[in-house]
Every structure is written in structure tokens, then in C-alpha cells.
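Labels run A, B, C and D following the written order; every chain starts at residue 1.
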Amino acid sequence: MVLLRLLADHPAVSSVIPVSSSKAGDALAAIDPGLSSCYPKADITGGKLVSVDEAAAMKPDVVFAALPHLESARICEPFLGKSIVIDLSADFRIRNREVFRKAYGEEPPRPDLLPQAVYGLCEVYRDSIRKADIIANPGCYPTATLLPLIPILRSFPVENLITVNALSGISGAGKKAKIDNLFCERAENTCAYSPGKTHRHSVEIEQELLTMVPEVNLLFTPHLVPLKRGMNITTVITLKEATEKDAILSCLKDFYADSTFVQVVHPRIPETKDVWGTNRCDIGFHLEGKNLILMSVIDNLVKGASGQAVQNMNIRFGLPERQGLRLHGEY
Amino acid sequence: MVLLRLLADHPAVSSVIPVSSSKAGDALAAIDPGLSSCYPKADITGGKLVSVDEAAAMKPDVVFAALPHLESARICEPFLGKSIVIDLSADFRIRNREVFRKAYGEEPPRPDLLPQAVYGLCEVYRDSIRKADIIANPGCYPTATLLPLIPILRSFPVENLITVNALSGISGAGKKAKIDNLFCERAENTCAYSPGKTHRHSVEIEQELLTMVPEVNLLFTPHLVPLKRGMNITTVITLKEATEKDAILSCLKDFYADSTFVQVVHPRIPETKDVWGTNRCDIGFHLEGKNLILMSVIDNLVKGASGQAVQNMNIRFGLPERQGLRLHGEY
Amino acid sequence: MVLLRLLADHPAVSSVIPVSSSKAGDALAAIDPGLSSCYPKADITGGKLVSVDEAAAMKPDVVFAALPHLESARICEPFLGKSIVIDLSADFRIRNREVFRKAYGEEPPRPDLLPQAVYGLCEVYRDSIRKADIIANPGCYPTATLLPLIPILRSFPVENLITVNALSGISGAGKKAKIDNLFCERAENTCAYSPGKTHRHSVEIEQELLTMVPEVNLLFTPHLVPLKRGMNITTVITLKEATEKDAILSCLKDFYADSTFVQVVHPRIPETKDVWGTNRCDIGFHLEGKNLILMSVIDNLVKGASGQAVQNMNIRFGLPERQGLRLHGEY
Amino acid sequence: MVLLRLLADHPAVSSVIPVSSSKAGDALAAIDPGLSSCYPKADITGGKLVSVDEAAAMKPDVVFAALPHLESARICEPFLGKSIVIDLSADFRIRNREVFRKAYGEEPPRPDLLPQAVYGLCEVYRDSIRKADIIANPGCYPTATLLPLIPILRSFPVENLITVNALSGISGAGKKAKIDNLFCERAENTCAYSPGKTHRHSVEIEQELLTMVPEVNLLFTPHLVPLKRGMNITTVITLKEATEKDAILSCLKDFYADSTFVQVVHPRIPETKDVWGTNRCDIGFHLEGKNLILMSVIDNLVKGASGQAVQNMNIRFGLPERQGLRLHGEY
């Protein structure tokens, strides 16, 4: 639904075809009253949700698939080769079949297509995204964790143990009617969940880290905190050799010099409210001897999902990267 | 700060001059890190806050005055006659000097200018706003209360007693370091405050009601609820004659037929989350015999303040009324 | 579960028999881990939930029935005549069969027992509660609305129209897995719901008001606000004759002179945080001409449910009324 | 204020003398209306706050000092040798003068008394507390961090690097009128603060760890999360030798076998809501190879401050350790 809002205000998007297997025929306004009665970009379908086949027949330029894992790749099939596919599930993210099987409990649905898929971490893989037919939009935890880590790991040798402590707003859990997600369970409450390798995003992070370091001992602990939106990552690594604060600062600033959405805010400490509603990732750090604490924040529903998907579309279609995306938050 | 964000994204606004008496010379980014380092529209001042005199010398088309009551009118003086003034304080809202004196404890600062000032309730006074040199931007409570009430009072005779129960998010109190506004005081807490005529917005509402009914017994009770943003008004009136639901519905729909930002959502009940971050006012109602409950919600910082100010600018300068303003919320 | 906590710390309660039709046999600790592993008062059942029949065979002194409406009275049957029944449902609250049928869509389950049931609004019906075999524990909205209203209506003639605006924390909705109760739906959101006579508590309030005034035009609008607990009632009435603030203050203070749990805090305005976790009802008011605004706050899960149930037990068994109940909140 | 509430309900406390240097003479009820008008235990002072000298003249059995660091020790002086002193500041916590100076920027106020002071981590130093004249009540972060760590470090050899990620509710910041603590700054927001050794509690934790391991590389990162109360600690250590889950579980369970307030909830993951309002510390863990994640939660205002102070009083005076303290939370 955040995606629909982003597309509504995107100047280069003229028509939007809302798709639903189960609710085809329903009015869009009935599904999400917050969208208001006027969503003129959906006029192409009469303001109604249509089925996958109806949508495919309309030959859209780009398809955003925001379905559960395993289901997503299958739904994308009628569009493959005709439309650019931006998939928000994990189906095209994990390149190793064995790793996918362990994490998701099934074979990857279309392993044959994995070589064509590009991991859509925009600021890092921009060049490949420009040519990709399938873009695997990264998970929220991997996005926020990898953005500060990648420049550091590419520049400094580090010890194997990488400790990631993550805080997530409740919207990360989706809109399912579960006791665990009730207001009275989550307000005035925090807890860790799926610690260590029991969280699927752990293998997604690990896959990227292994492109830079030969071995990694990743310890990832996500927590739920009472936010509607927001993700706050604290990563602790140990450098093999002592270095200066300025070297860290330059490394991060240089890497993201041309990336408006990633802001190195050191010596300020990033706060989730500053990026709320935006496509930004704000990064800070603290160096103590050889220990380096990296702090990064995103809006899990924007840079951690729909916003990055739109950014990927912008890159793929040669549009200005910022188009239709917010740089300034609400606060 | 919400105003700066709105102007940043407004396509018809090319330059913004940030003004501060006390912080002239400071960088804008230092005042509000959430704005990010790049606010190119302020390049005209080198990204710095400037004094009132410096700003006046730059002859802007329009001045937004967002100062405390009594101070605001005085600061506007150097701009009067040169720029269009949109004042977010109460200084030009109350037309009766005696009423102003009672509510604000002082003489109105520029009573001579009151005849030139137009009350900027956009959907109601659009025609006068088009020609106004001074626009008195309405308060948040009056905006949300009057929008559903005015069409009804213009069409149906009602009893004198009008009961308004209002809920406001904490941002309504501004950003002052007061014990009362601390997180631990306001989270998991609600209370009424300034009940009845002790709240200044009560006289502002009353002034408008008296243009439609000869006598009014207004009972206004505002409450604080733990929201960052949002305002929810429940107004109870008694019709002199029984009527049908459909008559109420048509009355409201017809009045706002050409006003995108006011949406009559009946039979749904409006929720503040649907208008969060938008310039909308959503209206619902419940009719029981002769008793009519009107329900209206706004984002107090947008339609209740900066958003309506931008809408007033749009109207005054003949721009599309929606320009730079959001119709779809974040949720 | 709040009830179990209250009983755990009640010095006059030696054993607790936890009952569940559907989960008989399960360990209490599995149902509610917050209770900790040690709930020695349930040793009588081996720390397990038991069935209704097993519980009845143990002949408890008092039974608390906290079941959905219509189901509750039926479950109480095996205990009637043997144990004192304190029923937290509406089954014994509404004395008029026709009124019950309209509000609950069915016949009252045991109309024959209605004459024996006493409405357990402790401070008002203390004398009858002392002798009651069936105590109908009041709803949360009626408790908080009636406590300030009853003394006033018994002392001053008022106009028919009584407007009640109520704010409730989300725990009032129970612990059901509904989309509407999710954190992301309720945080940063408020809305009215079931306005006017569409809320069942409206008839419960009306029934009590009609014992004091011949005719009443009650307009009750409940709202959801993002609190875990707390209820805040703003009632507007119009006195037939002007009176002094002191007369109102004395009326309230005198009525509750011997009732520790009802505190008249005028000229302070009551706040829900002050009664959070307590069995208190704090009352304030504002008089403006003949219009009187009454403000009252309770913790909906304590004075609005389990706490008042324990208070009823205390009264019925001649225990100190305060025993096992908190007078001071957490904050 | 939490302390006053705990003492109000403590059966072994007959009189309470509320002390304030700056507000002596004021009524207790004016300072904290939530306490209600009746606090009979303060009748000894006529319900008023008294000065330090007046309090000392009344020769209390025990003094709780809840003052800012550096001020606390000085205020305790008139009581030393006459009353048992339980100090909630850091003044008697840090045994090394140099360490204190670095962390607090001044000499420890009474270094001569440090040898008499016992670190009041109840479950660990119970025997020494029984004989102590000065009890240094631990900080909230150290309490929640040390309780799971101490049994492990006493039983298993571990690598030097100990990473502690901590989440704290906003009440940890006290009741000062600061912009940073406003509702609108903290709601829907999280951030790290004072990372690494820049937080004073870091040295307090380190001091205790050094009693068990010869060298420690502690990396402590506290975060603010939008809770009124609650503290959630995630500690990552690496064991020198692989071990079994059961060995970890037994180690923790055995150590706390006789400590009601520390509950090992494995395989459940602890949640702050379960300990809200209680004096409990709930502990969980996750073992992955040699990496061990310890998870612990407390209510920062109870076990992290006033509750542990009362527990210390109970231990010191030979009272039942649980007396006046809650084991079951509100939820």
C-alpha cells in the first residue's frame, strides 16, 4: 500500500494496474480507504483490482511483485521477458540453492532465472541494475545492515565476528491478524526474536558479506520495538589494525558521495524519526580502539521495501534516481 | 518545520528564505537535521537563517509568519503592502477587539489591518482569499470543527447548544521543553485541558458560528491523546426538525463537491491515521432522532496549520489548489 | 488475567481455581507466562486449568465469571445457590427483557434470576451488594460515566440531553486476533466507533439514569485512543437552574466521603495515568453558566472490570473494601 | 516516586519521612497527585516534605538516597553510623578512585567510606548485604546486564570481547524538561546514545566483570526506545570451548535456584511487558556454535532502581526478600 502511494505521486508513472489473485474485481478504494476515492492512475482498470492474467495482457513496463516468498516467482512468470520484474520477495535474492532450501524450507521456485536476477541494493549495484530484467529487491534488515558495512569491509581488514543488533518497527511483521501483533502486546513492550541464524535475513546478509570476506561469523539479533515504522541497526566489528576516525569517515563519505539517499551524519547519531517516510539511510559510527560500532537507520517500509523498489525502477529506466521519492521526513 | 518540508517539494516555489530573529546566521541544517544537508531552495541565503530585515530586503512574493500570538503581526510589518502575508498566529483572526482582549489578554496588535485580513478557511472563503493581502490562517481546532459544521448550520436550523469534544496529538503543544510534554507524561495518558471557554480556540470557533446563527451556546472540551499528530473532533448538535440521513449526506457532499481535500466518508467513521501527513479533512456523521453527531479528522500540523497555509498560497496566486500538498497519507 | 493477578496478592484469598471449558488440563503458566511459574494459590488444582464441573465440585466461596455475554449466565448455573456469583458479563445487568433483546440480539439467558441480581456499582449500591447472591459487575463505560453523574442527578434538576464522550484504551477490545486491534492500526490513530445507541453500554447507562430522571436523551460516543489501559469520560449536562461551583464540589465530595476509591480532584483535571493500575475513579468538573462538564477517569481493566469485581467480593464477604486493591498507580 | 509507592504498600514499613532540600514544607500530595491524598505513612511529618536535618533528627532505621551523583554521598552524611544507608546514586558504586574520576569528572565524594560500601546486586552479594551499613544500589543497565553474565563467566572461559546492546525506556532519563525527552521526539523514534565507554554505566559493568575475568573488552551500546518503562539487554559473548545448551541452562537455573526474582525463561525469549511493574529479571539465551546470546529484561524503575533498593532493605533487615515487591506484572 506504501508502494501505491509512492507511484501515485511519481511524475513518470502514468498508469497503475493494481493486481490481486484473491480480490480481483474489488474496488481499490474498498481495500485501502486511506488512499481516498481518487486514484486516477488506476483508471486504466476502472479503479478495480485485476487478475494476474488481465494485468499481463496489458503489457506493463514494470511489474512490482509484493507477494509471500515462493509464491512471488510463480506469479511473475507471465510477465518475464515482457516487463521488467522488481520482486520484493526472497525468491530471486539467494543465489545458492542449498542456502535457500535451508532458510525457506523448499527449493527456490525458479533457480533457472537466478543468473539473470540482480540484487537491487541500489547504491552498491547501480550499474548492474541498469541492465537487469529481474531485480531482487533486498530485505529491510539486509538493506540497513549492508549499507554501512560494505564500504568498510571493502577498505579495512576485519575480524570474523560481526555482531548485528537490529530494532524493527511492527509494520515489518505485515498486516496479519495475529495475537503477537496486537496493540496491547506490542505497545510498552520489546523483545528479541529469531536470534542468530534462525532469522532468514541472516543468510541474505551473509551472502553479501561473503563476497568481500572469505569467512564470516555473523551473529544477528533482531528485536521488536513499539514503532509503526523504523529500523535501527547497531553493528559491531573489530578492525584488524587500529585506524583513525577520519579514515572511517572518509571511507563512508567517499563511497556514498553520489548517493543522495545515503547520508553519513557522523558525529551525530542517526535517529529513526529523521528518516521516517523517506527513502534515506542515515549512517553514524563510534570507534573505540579497534572496535567499530556502525549505526544505521531506515524506514523499513520505504528504503527497506517499496521505496527502494521505486528507486530500482528509476535506475532501470534511466529516470532521475530521486524521482517520486522523499528525501525529507515528516518530522 | 513542516512548512519547510512542504515548500521544499512545491513545484511552483523556486526559493525559500528561512527567517529567524534569534538564530539569524545559523545554518538551517543545524536547526533541523531531519531536513538533510541539501535544501537547495535556501541557496538564496547560503542555506542560512536570515533576519527579518534581510528577508524584507529580498522582497519575497509571500511571507509565512509562524510566530507566537502578539509577536506575529509586528514582525509582518516590513512586508505589508509588498508581500502577501499568510499569518499562522491569531493576530488577524479575531475581528472583535473586545473578544481578542479577553482571550489573549492584550489589545490586538494591528486592529487597523483587521478589515484587510481574510479568514483563511480555504474551502469556505476561497473567493475572498483570491484577493486578500493578509490571510489569517485558521487554528487547528477551528479548522476541524468548522468544516463539518458550516454546511449543516447554513442548511438546517439547530438548537443553541453545540458540544464539541476534541482530541489532539501532542505536537499541537509545540516544541517547548515542558514537563507536561515529556514522553513519560503523555504516553499511556489522556486528559482534558482548558475546558469550555478557557481555550482560546473556543472564541475563534464562536466568531464563525455567529455569522450563521444569532446565538450559540458553545461547549468546547479539548483533550490530549498520545499521538504525535492527529486531531479528532466529535460535535453534537440538535436539529430543530427531524430530517433524513440522506439530507445530511447530500448537504455535506454538495458543499464540498469541488473541494478535493474535504472528503465525506460516511458511512465509514473517519480515522486520524487516514489523514496523517495529508492536507485532508475526512468527515463522517451519525444521526439519531434530531441529534446529529459530526465526526471530523485532520492532521493538526498540515490541514490544521502549514498545509492550509500552502493551500492559501496556492489559491491566492492562482496555482492549482492541490499543488505541493498530499492527498494520500503514509498509512 | 488481571483478575488472577489481583487474587494472587489478596490476603484473604487462600486458593484460586482457574477454570476453562476449552483449555481444561493446560498449565496456567502456559496460558500466561507473565504470571511466572509460581502461582501457589492454584496448587489446589496442581497449577492446571480445570473444567466447570470440576470447579463446581470444589465448592468455592465465590465464582468470577468472565465470559462473553450470553455464555456467562449458563456457565454460572452449577454454582448458583452454592457460591456467590460475580458475573462480569452483561447477562445479569439489564433488568428489562426487551431492552436486553434489542441490545444483545437474544433473550436474556436467565431472566428468572434477574430479581436476585444486584448491579455491582460498589459506591452506589454497597448496601444491596452486602446481601447479594448474584452480583452483576458493571461495564467499564457505565462505571466511569455513572460515578460522577449519579450524585449530580440525585441533587440537581437537569435538562434531558446528556452528552457523553468517552475515550478507551485498546485493552477494552479484549485479546482477539483482529486486524482492527493490530499495533499498526491503533498506534498514531484515533477514531470514534459505535456512536449513539449503537453501543451496548449506552443502554446500561440509560437504565441507571432512568432510576433518577423521568426521561433522558443520552448521546454516547466512544472513541479508541492509543493506550493499553485507561478510560476518560467527558459528560456534558445542562442544569435547569444556575448554581455555584462550590455546590457541585460539595455534592460530589459528600457523596464519596466514605469511598476511598473515588477521588474528587477538582480543581485539577483528572488524567488516566494517575489511576493506571489502580481501582480508583478520579473526578473533576468545569461549570460554565448552567453547563456542567464532568470529567472522570478509570483504569478500564481494574475499576472498569476485575478490580471492581474484587471490590464487590470484599463488600459481600465483609472484608475491608480496599483489601488486595491498589490505591496508588504505577506513575 | 516509585519508591514511595513501594514503601506505601510494604507491610514492615510503618512510617515514611519524605525528604527534600529544595521543597521542604511542601505537601507530598502537591508534588505527586498520583499518590492520592491519603499517604498515611507520612503522618509522622504531617504529610509534608522535611529537610535533611529534620529527617536525621527523627533517626530513621534506613535512608534511601535518590539524588544526583556527587550530591548523594554528601546528603547521606548526617545519617551515617545511625541509619542504614541505601544509596541509589553512583557515589559508592565505583571502588577505584581513578575510574570514578574519569567517568564522573570529579573525585568520589567520600572515598574513605568506599571500603564499607557493598554493591547491592541482591542475588549475587546477598551475604555481604546482610551486614552492610552502606549499600550502593546498582544502576539499571548494570543490573540487567550482570545478572545473566555473572553465572556464565563464573563457570565458562570466554573470549575478551563482550558486546552489550541495551534498550531502555524513556523513564531512564528522569523527569527533566528537556527537548530530547518530549513526547514528539521520542514517540515513533529510536536511537543509540553514548555508545561504548562514553556511557558511565559501562565502567560499572566493567568493574564487576573484572572480578571474574582478568581482561575484558566491553562494548556497550545503549539505545532509547519508546517505552515508559522497560529495559532489554542483548549480550553476545564467545565461549572458548563449545558446550551444550543444557549446560548453559543448568548453570543459570542453578545459580538462581533460590532467587525468586530472577527467572530463567528459556526456551521462551523474555519480553519487557512480562516484568513491567515487577522486581523480576527474566533471562533467556540462544547458543550458536561457541557464540552465546544472553537476553535479559527488567523494569528499569523497579529491579533497576527502587525495587532493588527495597529488596536490599529486606535483605539487610532480615525481612522476607519478596516483601512489598511484585512478582506478577500488570499484563
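Side notes on the structure shown:
Quick note on the criterion: contacts are C-beta pairs under 8 Å (C-beta built on N, C-alpha and C of every residue); 3 or more make two chains touch, one makes a residue touch a chain.
A quick note: this is a predicted structure, and the numbers were derived from the prediction, not measured.
Touch-path distance (fewest steps) from chain A to chain D is 1. Chains that touch both chain B and chain C are the following: A, D.
The centroid of the Cα atoms in chain A and the matching centroid in chain B are 36 Å apart. Centroids built from CA atoms put chain D at 46 Å from chain B. Contact of a single residue of chain C with at least two other chains is seen at positions 184-185, 187-188, 226, 228-229, 273, 331. Contact residues of chain A toward chain D in the complex are 161, 163, 165, 167, 184-185, 188-193, 195-198, 217, 219, 221, 223, 225-230, 232, 234, 236, 238, 269-273, 276, 284, 286, 288-289, 291, 293, 295, 297, 331.
By the touch criterion stated above, chain D contacts chain C in their complex at residues 1-2, 5, 8-9, 33-38, 187-188, 228-229, 260, 263, 265, 268, 273-274, 277, 280, 326-331. Interface residues of chain C facing chain A in the complex, by the touch rule stated above, are 170-171, 175, 177-179, 181-188, 226, 228.
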